[in-house]
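In what comes next, chain A is part of two complexes: it sits with chain B in the first one and with chain C in the second one.
So, the complex of A and B:
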């Protein structure tokens, strides 16, 4: 199980965390990995200065914009499954 | 001293006490200095408020006690400071010396109970054995010679929870009181106060060791948009973080979640009353127990958002900041216990900010944006009904909402009475104990006439335009389309 946490605090929300969440939900469904990914939210990760939305994968930190979600999912999430 | 735009000098007095208590609490020297605070609040030897300086200091000491949590043996969060009560005259309608002994005697005509009689100078008097306090005589007199001796506390308490004790001091009947705080805001002598738990907030922040041991979240009610108008909202958020809160979240997001679910619940059950206002819910439980089953089973927006945050961060502490004294009772309820750790008011927040000498107007603006327009307008009367209607529309539920918007506890009482008599032409009661909704709450700093407009303006600034979009971050895994 890969744990993906998206920051939904005010600052990230304004940078597009809803779009990031929706895109991730779509990709999880498309790749049929709903049982392998645990998607959750967090109110602030203490890195509001980053340019993108803060996301952690099993505790490892990333900053991504809504446009980068597809590549990020392939590289950092799908690769960790199995 | 910089003016903080309080409505009354009583609020200012209360604020000064809270500020001093907080200042020493931050320093960790509150117990050493607790006896000094009355001297700081009432300096010198000349009385400025009461008959003598000793009484002023004694009352200030009582305020310090309330600022530190008040009497632990009293379960209510609203308390009377006995020695501060001025024992206002009672006795109802009374003819004053302004009565000129006229010929018309409109007062006599106006009184249907023949309670008015006249002396040899044609001056009116009221026979108290007949008078029912309707006030028609007072309205009829062009000289305004008839006045009503009604205590402001009793007059403000529309549910009649305040009576007079044997020594004439105001007395709150806890069985009836719904903790709305109307009396504490209205008492011209500041003799009724809400208990404060700001020292718990300060302890939470200090013991978190800069949010490393656990995190302290502030959840703020949407009526904040009508407060702290001397600064920008973003600066207030920055101020909260400077105080030591890890993150600030809008309770309005909880309101979005509530309206989303309440729309479903209403359509399913066919009739519902709202559950957002704790004073309204308490009133139903105390006075209309037969209607209890119709109260929405949703937690309030405060409870809902707190529950969600605690799911994402189980060890955190959550402080609710809003306009409401009844929220201090709500957090003791079984279903909310453990979700919100402390509830405090905007008045108290002002004291906390100033206890650390934070000048909001000098801070760089931070951001606050979690909720939609609809979640944010919960702060004013009618907003909740608009949101529930919208939630039903967004979810394509086939149900027509007929709301009864109750603005203030008197309107609530009327609607609930009608409901018990099956005479209510509505399927949803929006109950708000304070007139105007939350923006009329007793814990607000100001109660200006433009506050409702400020709430709407703030609502329109929200990034999310629909409830569905705002709540899409909720239950991320369970969403399957």
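So, the complex of A and C:
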């Protein structure tokens, strides 16, 4: 099980948290990995100065923009399953 | 036990008129709340001047405990006489009530007020008085928790006359309608707006008379504490959170950092719901022991819009809040449920927010406007800056 957490605080919301969440929900469904990925939200990770939306994968920190979600999902999430 | 007097009103303007000839005035003085609904002769500017003078004079004098005889003498002496009709005339209903539910009601030429007790519409016992040549009716008020009084200008009982209804909307039918929409959770404003909306429907959106509904409701007090933003002195976080939690019936935390501080103090996790119920309002969170956890500035901005709409005297949308996004849930807690609201506003600056539309000045402005609007709703509001 891979734990993916997306920050939905004010700053990240303005940088596109909503698109990131929706894109991730879509990709999880499309790849049929709902049982392997635990997607959750967090209020403010204390890294508002980053350029993108703050996301953690099993505790490891990333900053991604809505355009980067697809690549990010393939590289950092799908690769960690099994 | 102390009760809270909730009030609200909604007006329809005579079709084609910019000004309403009905006017509601409201004042709080010590333990007493005074509400006056006046309907000036005619419509438009003239009616507006008459009802404005009448409501303002009566409300100011009654709330300062001047006898009704003296109030009426002043009113009769002050109203300008209409050139065409040779009359100076405005109807009125005066409600003067304390926080135990005791007080009185005076009526002159407005439709008789409707008293709602336990969901049933009743008539108050009225005593006829002759003051300054006017027949004024007096009723003693002894209201209980969850009682309403609904007053209206004659535009309500004339609704639909000659169009959808032969004789207008009779008072008995208005009573039946109020019983049908009754729900003890409805605020006075919601009750008034819903009745006004139905009058507007009967008028087919073109009111033939100025129509105003004003309602008061007496209910239990509810003290809501709301924390917005982290305090400047970081090392005293625990002190501020303890003070925020102390003595509240319901607690709300707005903002990511604030939630983190509160969750740490309570030693509970924050759960975040990822469902976006409204596109422009971020999702809410959950902390055990806190009634509502939301994002900060963006949610508050939407809440301010909702408060403007709630206060509008011409907006006919239902004044109930059922959606589950953060801003709507805040509106239900603050506009409908709360009687007292205490803000705990932290002024710590998040450097990453500066320059964005979510910075500290924006937050402070929003809180100030919200506090003002809550006061206009009749709430007791305190704002603490930390």
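The rule is short, and it goes like this: the second predicted complex is superposed on the first by the 82 of 82 C-alpha atoms of A that agree within 3 Å, B and C clash if a C-alpha of one lies under 4 Å from a C-alpha of the other, contacts with A are read in each partner's own complex, and residues count from 1 in each chain.
Please note the rule applied: contacts are C-beta pairs under 8 Å (C-beta built on N, C-alpha and C of every residue); 3 or more make two chains touch, one makes a residue touch a chain.
Just so it is clear, the model here is predicted, and its values are computed rather than measured.
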Which of chain B and chain C A:21 touches, first, second, both or neither: both
Which superposed partner A:13 touches (first chain B, second chain C, both, neither): both
Contacts of A:49 with chain B and chain C, given as first, second, both or neither: second
Which superposed partner A:41 touches (first chain B, second chain C, both, neither): both
Overlapping contact positions on chain A, where the chain C interface meets the chain B interface: 6, 8-11, 13-14, 17-18, 21-22, 25, 39-44, 46
Contact footprint of chain C on chain A as seen in their complex: 6-11, 13-14, 17-18, 21-22, 25, 39-44, 46, 48-49
Touch list for chain C against partner chain A, complex: 255-257, 259-260, 270, 272-274, 276, 279, 282-283, 285, 293, 295-298, 350-353, 356-358
Complex contact set, residues of chain B against chain A: 217, 237, 246-250, 309, 312-313, 366-370, 463-464, 469, 472-474, 476-477, 479-480
Partner chain B, residues of chain A touching it in the complex: 6, 8-11, 13-14, 17-18, 21-22, 25, 29, 34, 38-44, 46
